[in-house]
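Next, two complexes with subunit A in common: one pairs it with subunit B, the other with subunit C.
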Partner chain A sequence: MAVKKFVTGNFYDEAVLFPAVKKVRRAGYKIHDVFTPFPIHGLDTAMGLRDTSLHTAGFVYGITGTATAVGFITWALTRDWPINFGGKPFFALPAWIPICFELTVLFAAVGMVLTFCYLCQLAPFVKKDHFNPRSTDDTFVMALECTDKTNESEAMNFLQSLGAVEVQVQYKETGWWLGRYDKDTKRFEKKEQAPEAVH
Partner chain B sequence: MSFKENFIVPKRYNTVSVALMALGVIAIIALYISTHGSGGTEEEKKISDARFWGSLLQNSVYFLLVVNAAMFFICATTLAWGGWQMAFRRVPEAISAVVPVIGVITLAILLAIAFGNNHTIYHWTDTEHVKHDAILNFKKGFLNKGFFAVVSVLTVGLWSWLGWKMRKLSRSLDDNPLATREEAKKYIWNNTVWAALYLVVFALTVMSSVPWLWLMSIDAHWYSTMYSWYTFASTFVAGMALICLFVVYLKNNGYLEFTNEEHLHDIGKFMFAFSIFWTYLWFSQFMLIWYANIPEETTYFSPRAQGIYKGVFWLMFIINFIAPLLILMKRGSKRNYSTITFMSLLILFGHWLDFFQMVFPGPSPHKVPLMLYDFGVALGFVGLIMYVTGKALSKAPLLAKNHPFVKESIIHHT
Partner chain C sequence: MGLLRYESQARPPLVDGNKDYHQVTEDICRPVEARPSKLWWIGFLVSVALLAFGILSVTMEVMYGVGQWNLNKTVGWGWDITNFVWWVGIGHAGTLISAILLLFRQGWRTGVNRAAEAMTIFAVMCAGQFPIWHMGRVWDAFFVLPYPNTRGPLWVNFNSPLLWDVFAISTYFTVSLLFWYSGLIPDLATLRDRAKQKWRKAFYGVAAFGWTGSTKHWQRHEALSLVLAGLSTPLVLSVHTIVSFDFATSVVPGWHTTIFPPYFVAGAIFSGFAMVQTLLVVTRKVLGLEEYITIEHIDVMNKVIVLTGSIVGIAYLTELFISWYGANEYENFAFMENRVNINSPYGWSYFIMMGCNVLSPQIFWIRKMRRNLLVTFFMSILVNIGMWFERFVIIVTSIYRDYLPSAWSTYYTPTIWEVGFYLGTFGLFFTCYFLFSKFFPVIALAEIKHILKRSGDGFKEKMDEIEQESASEFGEKHGHDHGA
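Right, the complex of A and B next:
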C-alpha cells in the first residue's frame, strides 16, 4: 500500500474548527478527514462530504429480507408442504407479516452493520492507527493530505495560523485497511518520521 | 433582520375560510334535505336519519381529535424538555385554540345522537332493547346515556381548560421576560407540571375511554382494547400534518424566519414514524381477529375488509401506510416544502377516510353512503379550523422569543 504524507493539527474548540475547515478548503488543501471524539452537527456539510449511502444500502437489505421471507414462506406453505391451519387459505399473508417484518429488520440491521464496518474500514483484528490519540479524548484532529506539490512547512504554518496546536507531518499507509500497524509499534513514544517512506 | 413578528390575517385567507364554512353549512342542509325528504318505512327513515348524523359525528369527532392533537404535541415536547419546536410552537398553540369551538359543536352532535329517538347509530341508547340484549345489558354500566354525557362534557371541558392554561403560560412571557436563571427554571417546571396534567387527561380520554364511547360504541357488541390507541395514532398523524400545513403556509408568506427545513424534517419524521405506528396498531388489531376468526369479533371487520366497505378500507390503508412509507422515507422528501405539503394533505384525507370506515358500517351496513356531502361537511370544518386558527395566530407574536429554549430551536440541526 502506498504511504502518504499528511499534515495534522489539533483543535480544541468547535468555534475554531469550523472557520478553519472553511479556510483550509478555500486555500485548496485536501482534507483527508477530521477526527472528533463525538459527532459534531454540521461538520460533514462544512467539509463538503457527500451524504452517506448507508441508508440506501439499508433499504436494499430490508427489501431483500422481505422478499426472502415472503418467498420462502410462500414456497414452503403453498408448494412444498401445504398445511390447513384452521381453514385459513394456504397463502395466509396476514399471519406472515410479523415474520416478514422480523426478517426485514434482521437483514437491514446485520447488513448495515457490516456495510458500516466496510465503509469505516473496521474489521475484527484490524487495528486502526490514529493520527493523534487525542482525537478519541478531547481534541478535534484535522488531517490534510499532501500531494507532491504541497509545501508542508507552508501547510503547517497555515494550520497553526488557524488555531491548530500539535501540528505535525505524518506518514501513513493508505489503502483499504488504512493505518494497519505493526503490533510492535510503540504507540505513545515520540515518533521519528518514517524514513523509508516512498513518495 | 426584518422580522415579521405578528401574523396579519390576509383578506383572501378570511374569504376562503368563510366560504368553506358556508359550503359546510350548505352541505349539512343539503344532506339533511336529501336524507329526510323521501318517504319509506319507519325503518328506512331511521337509517336515512342515522346517515345524516353519522356524517356529522364522523367529521366533528375527527376534526376535534385532530386539533386536539396539536396540544398533545406541545405537551409531549414540553414534558420531554424538547426545544426544537419553539421556533414554530405558536402554530400548534393556535391550532389548539380551535378545541373549544369544535368541542362545543361535537358535544351538541354527540348529545343529540345519544338522547335522540333514533337508536341506529348508538343502539345501546335504546333502553328497551338493552333489556333483552345480554351483551349490552352487561355493558350498561359503561354504555349508558348519563355516563356518556358526563364523560363527553368533562373531556371537552378539561381539554379546553388545560389547553387554555398552556397557551396562557406561553404568552405570559411575551411582555415580561424572565429575569434570572432561577425564574427560568421555575417557569420550565411550571410548564412541565401543566403539560403532565394535560397528558394524564389525554391518556384517560383520547388514549382510552373517549374513542370507546364516541366511536367504538357504534358497534356496541364488538370491542377492542386497541381501538383507542389506534384512533389516537390516526389523529396524531393527522394533527402533525395539520401543523405542517400551517407552518408551510406561514413560511411561504414570509413569517417564521427561524423555522427552516431542519424543523420541517423533524415534523416529517413525526408524520413518518406515526404513520408506521398507526399501521402497527391497525394491523395488530386486525391480525388477531383475523387469526382467531371468532364470529363475535369478526363482525367488525367483515363489512370493512371483505364487505361493501372494502374499497374505502383498502384505499385508506394504501394512503395511510404505503404512501408515507415509500414517500416520506427519504430524507429529501421530508425537507422539501412541496412533497411535505402534498403528504400532509394526503395523510389528512387518509385518516378522514379511516374515520369514515370507522363510523358508517355500523349505521349503514347495506350501502356505502354517497360521499359528496361528506366532503362538503369536512370542508366546512376545515374552514372553521382555518378561521379560528388564523385569528388565534394573529393575536400573539409568532415567536415566543423570551422562552428559555428558543435559542436551541434556532440553531436546531437534524
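Right, the complex of A and C next:
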C-alpha cells in the first residue's frame, strides 16, 4: 500500500483551533482530519464537511419498520390464519398500533447504529490510527495531508504560527482506516477572491 | 471566536473544582484504572451470593413448576409480576435522563446519564426474568415470538397486550443498549489510549471499536445521539403505557381504568429517580466523584422526585374519587374494601404505598432536605419500597377478592423461592452494576468535557466579564463559527 505523508499539529484550545482551521483552509492546505476528544459544535462546518444524512437514513429505516409490522400482521391475521378473537374484526388496526410503533423504533435505532458503524468504519477488533493518543484525552490534533508538491517545513512553520504545538511529519500507510474524506469535504471558497494555492 | 458560551451566573456550576480537560479524564478514569477497593469486593461478592440464591430459586421453580410459588386460584400474578413492573419502572429514569433531558438541553444530565443508562439496562434485564420464568415451561419461551412454526403456522395474538409487552420490552432493551454503548465508544477509546497493561489495551481496543475522534465521526455521533434520543423519548412512554395495558385492558375491577398509562409512566420515572439516587449517592462517595455528581445534581433529581411523586399522588386520589363517583359496585369494592379499608387483609399495603409515595417525598419541598445526602438516600429507599407496594396493591388487592366471593382466595404469602427469585434479581442488578463501575467510566467523559467551558467551576467565573460586554461585541467574540 502506498504511504502518505501528513503534517500534524496539536492544539490545546478550541479558541486557537477554530481560526487555525479557517486559515489553513484559506491557505489551500488539505485538512485530512481534526481529531478531538469531544464533539465541537461548528467545527464540521468550519472544516467544510457536509452535513450528515444519518437522520434521513433513520427515517427510512423507521418507515420500513412500520411497513413491516403493518404488512406482516395484516397478512398473518387476515390472510394466513384469521382467528376470531372475541368477535372483533380480523383487521384490528388500533390494536396493532403498539407493535407497529415498537417495530418502527426498533428498525430505526438498529438501522441507524449499524449505518453509523459502517460509515465510520467502527467494529470490534478494528484498529485505526489517529496520529496522537492525546486526541482522545485533552488536545485537538490537526492532520494535513501532503502531496509531493507540499513543502513540509513550510507547512510545519505555518501550523506553528497558527498556535499548534508538537508539530511533526508522520507517514501512514493508506488504507480504509484513514477514512474517506475526499468525497465529503467541500473545497474552501473565498467569497472575494480565489485563494492562492500553496501547492 | 472563543467557544466560551454564555451561561447565566444564576446557574451553579455543574463541574466543581476548576478542572481542565486532562483532569476530567484523570478523575473519571482513576476508579477504572485503580485496583478494586475492599468495599468493592465486599459489595460484589454479596451481589454474586444473592445472584446465586436467585439461580437456586429459579432452579427450584423450573424443576417443580410454578407451584413452588405460593400463587393460588385467583392470585395468579403475585410477587413475580409485581417485581416485573417494579424493575421496568426503575429503568425509565435512565432513559428520561439520557434522552428526554438531552432533547430539553439540560446540561446537568451529563454528570449522571452514563450510570443511569447502565441502570436502565440492568433493570430491564432483571424485569425480563419474571415473565420468562413465570411461563413455567421456560423451554417453550420462544413461543412468544412470531416465527413460522409447524402448527399451521399459528401466529401469536398481535391483539394481546401481553404480546405488546414482548415487543415493547425487547425493543426497549435493544434501543437502550445501543444508545448506551454508542455513547460509551468515545470514552472507551480514551481508556484504550491511556492503557498501560496489555490486557487493558486489548480489552478496550476491542471495546472501543477503533474510535479515533475524527470530526466527521463526531458529527455523525451527534446526529445519532440526537435521533436515538428522539426515538427513546416516545419509546419510554410507550413501554410503561403498554405495561399498564396489561392491566387496563382487562375487566378486573381495580385494573380496568383509563388513567393507568400516564399514572404508570409518572410512577416509573418516580421510582427510577429514586433508584438513581440510591446508586449515585453511594457511587459518587465510593469512587470520589463528588466534583462531577454534585449536590446540584442531587438537588435537581430530588425536585423530579417531588414532582413525579405528587403526580402519582394525584393519580391515586383521582382513581379513588372515580371509584366512588363511577358508582360501579365492583370497582367500589376493590377500592373501598380491598384497599382503603385498613382492616381488610391487605389494607396495610395500601397505606404503606400512600405513605411512602405521596406523603414522604413532600419533604423535598424544603431545599435543605433536597441537598442533604442522608435524607436523600433514606428517601430513595423509602420511595423504592413505596413503589414496589404500589404494584403489589394494584396486582394483589385487585385479584384476591373479585366478582365471586366463593372464589376469594385465602391470604396470599410468597414462598422462600418467590422471595429468593426477587433477591436474585437484586444480585443480578448489582453484580452488573459493580462490574460496570469497575470496567467502564461511570461518567460520560466526552460529554463532561463538552459542557466544561460553559458550566465548569473555573469557567463560570469568566461569565462576569461577558456580562459587561455589549450584545454585538459578545456575538463577535463568542458566536459559533459556522464556516468561513
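The rule we apply is simple: the second predicted complex is superposed on the first by the 172 of 199 C-alpha atoms of A that agree within 3 Å, B and C clash if a C-alpha of one lies under 4 Å from a C-alpha of the other, contacts with A are read in each partner's own complex, and residues count from 1 in each chain.
Quick note on the criterion: contacts are C-beta pairs under 8 Å (C-beta built on N, C-alpha and C of every residue); 3 or more make two chains touch, one makes a residue touch a chain.
Everything numeric in this text was worked out from a predicted model, so none of it was measured.
Applying the stated contact rule after C-alpha superposition, one finds that A:Ala15 touches subunit C and leaves subunit B untouched. Contacts of A:Val110 after superposition: subunit C is touched, whereas subunit B is not reached. In the superposition on chain A, contact of A:His41 is made with both subunit B and subunit C. Of the two partner chains, neither subunit B nor subunit C is touched by A:Gly28.
Of the two partner chains, subunit B and subunit C are each touched by A:Ala95. Ranked by how many residues of subunit A each touches, subunit B and subunit C are led by C. Overlap of the subunit B and subunit C interfaces on subunit A: residues 41-42, 51, 55, 88, 95, 98.
In the complex of the two chains, the subunit C residues touching subunit A come out as 1-4, 20-22, 24-25, 146, 152-155, 157-159, 161, 163-164, 167-168, 171, 174-175, 178-179, 182, 185-186, 189-190, 192-194, 205-207, 209-224, 227-228, 231-232, 234-235, 238, 242, 245, 445-447, 449-450, 453, 480-484. Across the complex, subunit C is touched by residues 14-15, 18-19, 22, 25-26, 33-49, 51-52, 54-55, 58, 62, 72-73, 76-77, 80-81, 83, 85, 88, 92, 95-96, 98-99, 101-103, 105-106, 108-110, 112-113, 116-117, 119-130, 133-139, 177, 179, 181, 184, 188, 190-191 of subunit A. By the touch criterion stated above, subunit A contacts subunit B in their complex at residues 41-42, 51, 55, 59, 86-88, 94-95, 97-98. Subunit B meets subunit A in the complex at residues 283, 286-287, 290-291, 293, 329, 331, 413.
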